[in-house]
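The same chain A turns up in both complexes below, where it pairs with chain B and then with chain C.
Our next item is the complex of A and B:
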């Protein structure tokens, strides 16, 4: 007969939702986060920071995160980054492998148990710089949207964001520049959701750093010249909300694809083709978030 | 006109001898936070001297008879020939195979193009060189522009609304970037400049011949890079070189082609005159949102090494004024 102590010893608590799982579990039964995260966190003897990359479906979260992780693993910028666990490399492998062949990676599945997670140790390459343990999941935009519409529908997102130390909110600048209100409206929904998540005392601003990342900015180069001005002009709802509720917010522009063509897939659907890549502004939002957390 | 040596020394002599190795850190100044406008030169009034001031050497050399009665005609024509001799290099006759599909596996379909010998700029067109075109009101000379683009000339403005490359201000380039390649220019602007100086853009096949050096010989040697077959980040400016911005057009001597042409790989993508036509993985033509022209060579922000080779094909829309795209000029041998 198993004693209580023995049962407790066999139980591992998910890093994201803190739900108990058998020690041999691969995924958390509650939120589907990989149990490897808690195993690696225990090995490091450090509570990891969760940095979330969120945004609407098709805004480019997967490509952004894939590039970011690949650049970090190449010691881009000031950073030294070490992946913890082979699973941490799956996302960048998928993204880099596809883009190199001039294909976009497949859409992130809605099912949380199929998401890519990355656990990296990152530090600036300066003397005595602190190490950060970073957990960065690649969330499906559709699942995020569903959770924002109906909070508590998707436990993993609620738990992730509630533990998020810093957030990169990706918004489609190209669509906004063309006059679509969708990026602004969805961005506002996301901000409102975060507000509910992080809100402290009534009237107090949120202090978690939030980087608003204007994606696909190669379509609207003025984004790079003055991202704040672009946001104020083309994403006025988001801008106003940030001014009112966020104490620690910054705006960035990014683009990843140098030139876009259109071809067909096996089923005859029109698909976008990344003719060549020209990543720009990938590291800066991340650098800023980290500087806020240091 | 004496043409340049076919094979220029890549180091230790000739025009490339004084060229510096890439600096360890070569961050260009921010375009938005600080700007040092290039000084304006007082324009020459004498037509021949004006052409020389504007560095339009081909126009001078190709109209030699026109200057016979000019007091300094002989000297200036001789200087023009000398300039062309040192600024351009001969690209020999050769064969290039242009991949016709995004599918680039070994054995994929290619189009064979026979390239006649021609002359190519050793360096990409710099900001200083392009400044002459702007100062001469090149954007208002409609003869240089196709008629369908006339209504769009008003879109070809700099940061302050003056005609000029996108990142300039008040019609001036940043003086600290005088020797950097001019960027933020559409295909039309590159073509107009080339016409203005009496030259043209290279075709895609000519560009590839210059970079791959696929001579017509039994040896049938093809180079992935102007310097050989392996990427070397010290010989070019791509993402992995960690420069992060453009560099001067006259460095990376070790990355030169056998005839001395510099920076065919990296620094900036280069416009060609060729339409960009390629098939997707299903054999259907790839379309852009607008017509595209071929650009070649990769740039400072090219992340994948496979996209910065002599063979990689890609395109950009005609009106695209990217921060990482420039050009260099070519000239037929018959015009020399």
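Our next item is the complex of A and C:
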């Protein structure tokens, strides 16, 4: 009996996949999520609320999430945000640091144990506003794509999305505006995957809030005026799916980079250079999701 | 990836085809390019024979952005693992210019070849031979605009191995450390081996110490940054290990630094470990590779212990003394053969011992020859192999004694009671009696009476009298 109690005390269950890990583990052995999340969650004594940011490779997930966290920690939009643990700062530090040097942050590796995770406590700065414990990983687009193509390949994504309270789906509006079907098709794949993850009773719509974030909207400013119209026109497959299956969906336009220069490297690749940042529409999707969850 | 070294799941080694045979392989390319299907790291080309689950496994095991140890353009890595369904995958990773999205860093390019487990023997059960033929065949060179469905490749099976590099790696790490790593790999423990130099030679040396039929279950990687999601049994890494130490905390993965950690933790050497360590010490990697490739599918610890013990004894024969050699015969040749390899090893051991004793006894004195006579006679009933050896050696001793001291030879023959031995050495007995009779012609009468009594003492040898 004593042994069982001791073993139970030494085992900690991952917040994402509920796999038992030894107390000294830094990463979950099953899904590779940081065990610091569980330590922080235990301290809060509240069920954490997972908000996922998903999208194709190179759509801008890292920059969006980095900016969002940075703005929250600066009390933008009248939010009070408290990062839990130094690891929660790493992503915004990477994004802000690189953009300040006029570089985009490095690609997020496909290996889940290399991802940045952020754990924030967020509340509106009004009396008696509820606090949310937000867990937000910066996932690699490639890993998402691989999981969407062959579900159950990456347990971390499967478990994370099945526990997600609200989701931000990032779609490249600039590419869509230029007529590329890729953002619409990949967006549709993500939506069908979410549909499987959130699926309730047959025929019932999904009630988890999903914000469709049209990224790089500075290339197609009409996005800001009427994101719904833009989505219906340029991302018609996604639009139709959302209408059919999602009860809580909203469309937002966003852009992070104010002006972009272009250079080239010695191999002929076009290298975009962020000349200055002008975040627009970053907080709104997040704010909308929180209002749905309140 | 499940790992089982108990000996029940291994594949039967098959006879290797001729060296100029080519092995048909499927291939896949995993890298980051912009394609109509999207961008980022993914399989951009795969031959038609690859199954979806194989492609998924390759994508999971292949490195993405920043996944190689080292940041230089010359950085390379290799990996070997079993795919779902049982086929084997050997993958070469390298850099292929700058990351195309302009977000900094180098693009990582991986080419994987997939072949049947039965073809593994044509590469001498050594994935590094596959990597070498891939390199020499140009498969290590990045191809960023391949056909979406390229044809499979035919890999030649005659790689050039640089023995001296392996020997140097063994010398740098030390035999004790290699033994420790081998023990862990054989038992299926996950190990990260951190080296100052590229770890390929060291990992190859360890890998070749594993019995061949077990090797396809031992996944390995060299030069890939450690990731807990890539479940390699043996992962050789270079550079800073702080991140690895952090990741593996609390998990059944052991990080070792042969060049920096002093001596390895104490562990018990079994016969197999001893055999491999001896080969490493003597820098006879090729001999070791040839031997480990002969091991039968019964790779249970007991079978390996028996096989290695026979091999170790065969290697000790060259320096052993007659008493020790006869004890060896009594110990090893008395056991029943479990399989063909054991049978062959016993025959080889018997042959080596016979040659060694023949060499020693061809120059031995009468005292030395008669000193081991009882032990020699006791060998015959032990086993058929021991009987054959004993008969040969008894004949040799008798012939030598017949020349040096016919009476001593005759006295020795009196001690033989084993009927089959007597029958087998009939000719030698005749020679002894002839020598004794020649001796009697010139012997002193008092001595002659004693010898004549001896001659008459064994009616069972009547037929041998001249």
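As a convention for this text, the second predicted complex is superposed on the first by the 285 of 294 C-alpha atoms of A that agree within 3 Å, B and C clash if a C-alpha of one lies under 4 Å from a C-alpha of the other, contacts with A are read in each partner's own complex, and residues count from 1 in each chain.
Quick note on the criterion: a residue touches a chain if its C-beta (ideal position, glycine included) is under 8 Å from a C-beta of that chain, and two chains touch if they have at least 3 such contacts.
Fair warning: this is a prediction, and the values are worked out from it, not measured in the lab.
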A:265 touches, of chain B and chain C: first, second, both or neither? both
Touched partner set for A:56, first chain B, second chain C, both or neither: second
Superposed model, chain A: greater residue contact from chain B or chain C: C
Partner chain in contact with A:94 - chain B first, chain C second, else both or neither: neither
Touching partner for A:236 - first (chain B), second (chain C), both, neither: neither
Chain B versus chain C as contact partner of A:102, first or second or both or neither: first
Which superposed partner A:248 touches (first chain B, second chain C, both, neither): neither
Residues of chain A contacting chain B in one complex and chain C in the other: 263, 265-266
Chain A - residues contacting chain B, complex: 67, 74, 76, 99-100, 102, 218, 221, 224-226, 258-266, 273, 275-280
Complex interface listing, chain B residues touching chain A: 31-32, 102, 159, 166, 239-240, 242, 269, 278-282, 284-289, 292, 295, 299, 301-304, 306-307, 312, 314-317, 320-324
Touch list for chain C against partner chain A, complex: 32, 36-42, 52, 56, 59-60, 63-67, 97-105, 227-230, 246-247, 249-251
Touch list for chain A against partner chain C, complex: 21-27, 29, 32, 35, 56-58, 103-114, 140-142, 145-146, 150, 153-154, 182, 186, 263, 265-267, 269-272
